[in-house]
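Could you have a look at this structure, given as structure tokens, before my questions?
The letters A, B, C and D name the chains in turn, as written, and every chain counts its residues from 1.
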Amino acid sequence: MAVFDLPGWTGLAPALILAATALVLFVVDSISPRSTNRAVLAGISVTGALASLAVAVWFIAAGVGQSGLEGLGVIELFDGGAEFAGGSQFVVDQMALYFMIIVAVVTALVSVASYDYMDGHTYQAEYYSLMILAATGMSLMAAANSLVTIFIALELASLPSYALVAILKDNRGSVEASLKYFLIGALSSAIMVYGISLIYGATGSLQLDAIASELAAADADDYAYDGILGLGILMLIGGFAFKTASVPFHFWAPEAYEGAPAPISAFLSSASKAAGFVIAFRVFTTAFPLEVTAGLIGIDWTWAFIILAIVTMTVGNFAAATQDTVKRMLAYSSIGHAGYALIGLAGLTVDGGELVMGAAMMHLLVYGFMNTGAFLFVALAEYWGVGRTFEDYNGLATQAPVACFALGIFMFSLAGIPPLGGFWSKYFLFTGAIGVGSTAMLVVAAALVVNSALSLYYYSRLVKAVWIEDPLVDRDALTQPTGLYAAIVFAAVMTVVLLPAFGPVSETAIEAAAAVI
Amino acid sequence: MEGVFSYAPAIAAFPLVAFVIALAFGKYMPKKGAFAGIFATLGSLVLSVLMLVAVASGEVYHETLYEWAIGETPSGIGGIEFTFGILIDPLSALMLVIVSLIAFLVHVFSLGYMNAEGETGLPRYYAGLGLFTFSMLAFVFADNLLMAFMFFELVGLCSFLLIGFWFRTRSAPSAAKKAFLVTRFGDYFFLIGVVAIAATFGTLQFAGDGSFVAAAEAAMDGTGEAWTPAGIGIESWVTVTGLLVLGGVIGKSAQFPLHTWLPDAMEGPTTVSALIHAATMVAAGVYLVARMFGYYALSPTALAIIAFVGGFTALFAATMGVVKDDIKQVLAYSTISQYGYMMLGLGVGGYVAGVFHLMNHAFFKALLFLGAGSVIVIMHHEQDMWKMGGLKDKAPVTYYTFLAGALALAGIIPFSGFWSKDEILFDAMIVGLEEPVILAAYVMGLLAVFFTGFYTFRMVFLTFHGEPRSETAEDPHPVGWSIKAPLIVLGVLALVAGIANLAPVAKLTGLDITFLQGWLDGEYGAVEGLTYGAYSDLLAYETGVIGSEQLTVLLAAGLSLLLAFSGAGLAWKLYNVPEPVAHKERLGSVRETIEANYYQDEYQVWLAEGLTLPFARAADRFDQTVIDGLVDGVSTGSRSAGSRMRRLQTGIVTNYAALLVAGFIALLVVLGFLGGWFL
Amino acid sequence: MMIEALIAVALVGALVTFLAPNRIAGKLAFAISLVPAALSLWMFSAFDGAGNALLEGDLAFESQVEWLQLSEYSISWFVGLDGISLPLVVLTTILTTLAIVSSWTPIDERESQFYGLLLFIEANLIGVFAALDFFVWFIFWEAVLIPMYLLIGIWGGPRRKYAAIKFFVYTNVASLLMFGAFIALVFALPEVTTFALPDVATAMLNGGPEAMFGVAGTTLASIVFVAMFIGFAVKVPIVPFHTWLPDAHVEAPTPASVLLAGVLLKMGTYALLRFNFTMFPDQVEAYAVPIAAIAVISVIYGALLALAQTDLKRIVAYSSVSSMGYVILGLIAYTQFGVGGATFQMVSHGLISGLMFMAVGVIYNATHTRMVTDMSGMADRMPVAVGILVAGAFGYMGLPLMSGFAAEYFIFFGSFGADFPYAPIFTALAMFGIVLVAGYLLFAMQRAVFGPYNLETDYEVSTAPLHDIAPMFVLLGLIIALGVAPDLIFEMITDAVDPILDGGEL
Amino acid sequence: MSVGIEHYVLLSMGLFCIGLFGILTRRNALMFLMSVELMLNAANINLIAFALYHGDLTGQVFALFVMALAAAEVAVGLGIILVLYRNFRDVDVTVPTTMRW
């Protein structure tokens, strides 16, 4: 394969391409600051996202990160040469590429949708470039292999997001949302940095492998730093919890998703969440191997995730059950799904757990399609100006059957009902949770049952609104914006196709999981 | 003669075809499909007679024609085959002739009774008759218990359809429902019996070495093995199963306490009543007992119960018959009572007597009902006897034939009814001399004779004698040949049928003139084990005599004749006057009870509507509130929990920060304690 | 590839119909649905399978393709038919076709969507009965929910939304419970690396699960058995998990009711037979008495509830609960006639209840009420429809020479002599249902269709059109055919049932 | 006396708690922002102290990164506070509650 010939740094190509795209957007904007040519801007960002996607897919197909004969092995970057034993700051393995793909896909979808959604708004160029920058950050998070790079990438993803949420400057909701998002984000990042500093103190290193080796070297019997280390780990979890919108760091999410422009909500709830999970996965599998860490801090850190998973999915689903506005319901449901994905970390065990973690990764991919699609439908509704509540959506199916058919697909897929992609990932999570075989995970599985029953209720409520109910007010005919429709239909098709064609996804996910564990 | 048996299936097939034709094309046909039925039943009749002749010439027919289902018995006594087959032996051949004859006559009579009266929905009527005849004929020549049960049930269906023929009224559908439900209740036990017998012996055949009767015998004398639940002794288990089957009999043959449907069944057209009472539905029960008599013969207990139920029903129904004003009602109760006699006869081991009375009763009861039908036509569908009177001269044919039937019913020598009823009472008496239970049954049967004579002639006198008591009775409606012909045929039969078995005469004179006994005993030909002789060997009854046998015979005959005459005489005294009046008040306090039929309907209706229905409603309320309430409660509960969970999101960012930190600290505390960081 | 063809035709047909214009949708769907019907009938005639699909039987129309690899576990597309599933597939295709015809009259809005959903549900039902890999089976099992939810929700009666969501959530929760239990079982089974039902069944029959969650293997097996039983009991439904059924039935449009009662309920009993009663012989023996008690309660209690109703559809709905009780009784009898009769009853009840709902629907089309208290003497105006209703009712009562009697007789005979404790008593108690069913059906008839004609309408009630009547005649013909010649399917059923009773040893 | 590592840690923890306290009590957005800065700087103290303690530079380098990012954060934050003021005529963070529950 051609990858051999390329220098090592090209391993980050997917992220670099995005960065380049952002720069191009700046250039374009600075050439003609006044005129905003939506087609060009959207086109550039879509191209960039697709290019990043293509490269990532190519890498993964070429066997980057795979061990064995045909595999090309993991690409390690910036390991500072031989004399510096720190280890690499970035690593491009299957998991990194997998999440780069998710990010790129979501970015592409959102850019396409934004073409129509941002019609008539100011700051188009800023919008796109910020989005691509955030995407770059997320893409880097996927590959970051040291607490430093992780923090930087995370901030690179966060800061543009704050601005994106506030992009509708004269919309109170948008501003309020971004304020809350920013404040909670700042707090969480502060907590996270402090956690990093504590971990640094306990281990004297910031690079994940180095941390792991330090811990392995430490003497478990009289370990002085257990408190510091534990607190540090917990604060780190706080940082991730913020990014993945998990309880108790989720408070920003409902407002941010509701107030932000719908495409941005889609972007944050799908890509940003996935990015948050990838660093969580990497840090806890690479830096804090279970048995070692447990020996030092005296407790399995999976307990933290078990608690978080149960609480998060419960809070998310129960709060979503009785919402009045569709967008807020989706926001809470995305918290609930964060809870589902947390099972991927909660289910880790000393001997393996790749099944459950792989399932979580699958879920995040499928979620990237179905949840993005759902939020894009909301974007469509906002574009039509039909209103925000369930009642306002009543009877849309009679006027826009295709979009509503797609919405039905997204909803049932989110609920995990076959024959849709959401079924696999959700039920594999369930399967994995049970397969762990521990009683605690059995409780998690039970919580999953209760919550998905409830989620069934509120997802079908939306389906009921658009398909069963009759319109409260008679609307005039609805237009069919090309970009939004294209994005929604594509997401829907992918959601369906992912049922029969799930094989590659599940295999890649499980291999990637097995590789890092 | 061998070949004729290959046509046996056609006996039942003809009416079935007629049913289909009448149903499908009836409304386009002349007489609305009547002729299809007439020709079909005629064909059946001819074939049946041929069968009779064939049997008389010494052959019998027992053939399995069709395999319904086969498999393993759950009780693990080998495989079992559920089949359809034909068994034509003296008993079934005789019954085939009776049924097809009556059915034929009823069809003919219907021309005058239904068509001439311009009824609507006649195709439905004739289709029903066809199906009815088909079911009954198939039931008669069924060679196993399951097949018998199936057609037994179909007979019930047909009765439902025909009793409810006038569905636009309120009463007819109700009566039809009652008939089906009450008999269904009996069939419930019957079906348990069928299942039990099949599970016990692994066969349901009536005849041959593979029959459940033979299996039961073998099991009882230890040569064969059989399954019984929870190790019940085989003897008692045979009794239990026998009684379970008897449930169906009691239902269909309207024995106490399941007789209540029959009087209501008079809501159907009179022709249907004739068919039901004389030849098909009600006869089916008693015929079933005769059919599997060998099985009952194995269980004295079962027989005693049969006899007692029969005797009691005979008296019980007869007493109710005396106060009825509706001519059909009187006949209805007489039917119940007469079938009581047959049960009595079979119960005391008088197999021949029972079958004999079954035959005779078929003739004279059909006659009486058709006669009543003719009267009803004459009276422009007036059924109250108090509005009749004096029809004797205006409708002589009807009168004399009806009279013949009445004499037979009352058991006046030399009419057919006398011979059979007397034989039953004689058998009951000689057994009763040894068995107190049977004696009680006999006494009740004997008393019933008196009432029979009374209500029969009360009916005759009120209807035909005296002065006309209404203008319709003044100028009666003429009746055609299609009504008269069947009456005449049946009238003759009612008179002479007794010759078939003049047992008393034989006993007194020693002449061999008990043809029916010989017939049923297989003198001409029979299936091994299904003969009177074989049954008698199985019977465990002791019989005694008073003085010599002749004396006993004379005593029994004289006693019943005396009672019959006195009953008739009383009726003559009271009602054979120009202006008869009701004498009910003389009954005093008993009267209400009797007129209310001993409150039998009341308590049964109460069981259905006073007990079951409220219970069902209560169950429904329980279902709606408790069970479904739980389900809905879960959903409402979780939704309210959800709306409480929403409130966490106060919208004030400072609270968020506080909650966030609180949550974080909580997590820290939990894990810290578990991990022991604070030490 | 026959089964794939069946499913594919239905799926593609569903899509085509969904996109077709409303006015031709009905006829189009009918034409399309004839293909699966014909195919399945051909398969019926060409059936060459033997034995039980889960227990080393030779399958008909088998096909297996690797699908997913889940760490060491593999999921494959695995379908095939045996003597139990084939009759149910045929039942599905035929009932769907007839249901489509019977909806020409009542469905007058959004036809293309309606018929599309009908075909979609048919595809999934076929899949449920044909699938032999757990995940494939479960996908179809769950996928049935969506179309039924929409069918009830969009075209249903006044309380349709409540009924639809209740059906949707209730049955789905049950499925989740059952899913979890089964997964735990598979993980607990040594050296089982697939979710193929035959593998699981074999492993269960020799050895069973090992300890998991700190409970012993046998205990785990019992827990799983109970959990799965409950999971399926909701679908069947068995008392006390039945309350979704009457609501769903009453609110659903006639064709949906036909499929719901005709086939969807059979999914539950079919699954019970395939899973609980094939894989857990020991637990079946251990829990015989409670299950038999539940069966009897379902029969009697369901019949009592039916007796208390005045809505014709509700009556039939509750009578379904009662009839399903017979199925459970037959299954727990664990004898050839018991289990075979239960399977026979699945088909028979599918036909009869379908017929009943169609007849009620036809009357409803004319009267716009289903309350027996609101109408009287309907026989006067629509003789044919009422005639068929009466015929169906007697079929329900188990009239001989109709399939209902055969089924019930097999079940009773199979369970009376069965060797679980008190079998004869339980059987006798359950048999009392045949009296109650006659009671409530005749009671309803007498009030609704007989007696003097009386119905407050501002229009003239006329007889039903031919395309409403024809499907019912087809069903009636099938019912009588199966009643006269049960061996049409009973032979292949017993052939597939025997291995279960022999505990897999052949 | 010599200043041990624990003193630095205690100092940073104190600082962190002060910042946290400020966040929980102050309603002025700018105060909020400053409190966050305090927390970040507490982390910086830790990093530098530990770098000294462990005798490698990564900690100090990281501290520089943190400062830079803090600055960026403040920039974005101030922008948001600006639009906040423009929309709500106030910089009180508890005022905007149009979206809740």
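The rule we apply is simple: a contact is a pair of C-beta atoms (placed from the backbone, for glycine too) under 8 Å apart; a residue touches a chain by one contact, two chains touch by 3 or more.
In this text the structure is predicted, and so the values were computed from the model without any measurement.
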Higher-contact pair (C-beta pairs counted), B-D versus B-C: B-C
Chain ID, smallest distance between chain and overall C-alpha centroids: C
Chain centre separation in whole Å, for chain D relative to chain B (CA means): 98
Whole-Å gap between the CA centroids of chain B and chain C: 37
Rounded Å distance between chain A and chain C, as computed from the means of their C-alpha atoms: 42
Centre distance in Å when chain A and chain D are each reduced to the mean of their C-alpha atoms: 26
Two or more partner chains touched - positions in chain D: 23, 93, 96-100
Touching two or more other chains - residues of chain B: 635, 646, 649, 651, 653, 657
In chain C, residues with contacts to at least two other chains: 169
Chain pairs in mutual contact under the definition given at the outset: A-B, A-C, A-D, B-C, B-D
Residue ranges of chain A touching chain C (in the complex, touch as defined): 354-355, 358, 412, 417-419, 423-424, 427-428, 430-431, 434-435, 437-439, 442, 445, 449, 452-453, 456-457, 460-461, 463-464, 467-468, 499, 502-503, 506-507, 510, 514
Touch list for chain D against partner chain B, complex: 20, 23-24, 27, 93-94, 96-101
Chain B-touching residues of chain C, taken from the complex the two chains share: 166, 169-170, 240, 243-244, 301, 304-305, 307-309, 333, 335-338, 340, 377, 379-380, 394, 397, 399-401, 405-406, 409-410, 412-419, 423-424, 427-428, 431-432, 434-435, 438-439, 442-443, 445-446, 450-453, 485-487, 490, 494
List of chain C residues in touch with chain A within their complex: 67-71, 135, 138-140, 142-143, 145-146, 149-150, 153-154, 160-161, 164-165, 168-169, 172-173, 176-177, 179-180, 183-184, 187, 212-214
Footprint of chain B on chain A - complex, ascending: 179-180, 183-184, 187-188, 191, 226-227, 230-231, 234, 238, 247-249, 251-252, 254-255, 297-299, 303-304, 307-308, 314-315, 317-323, 454, 457
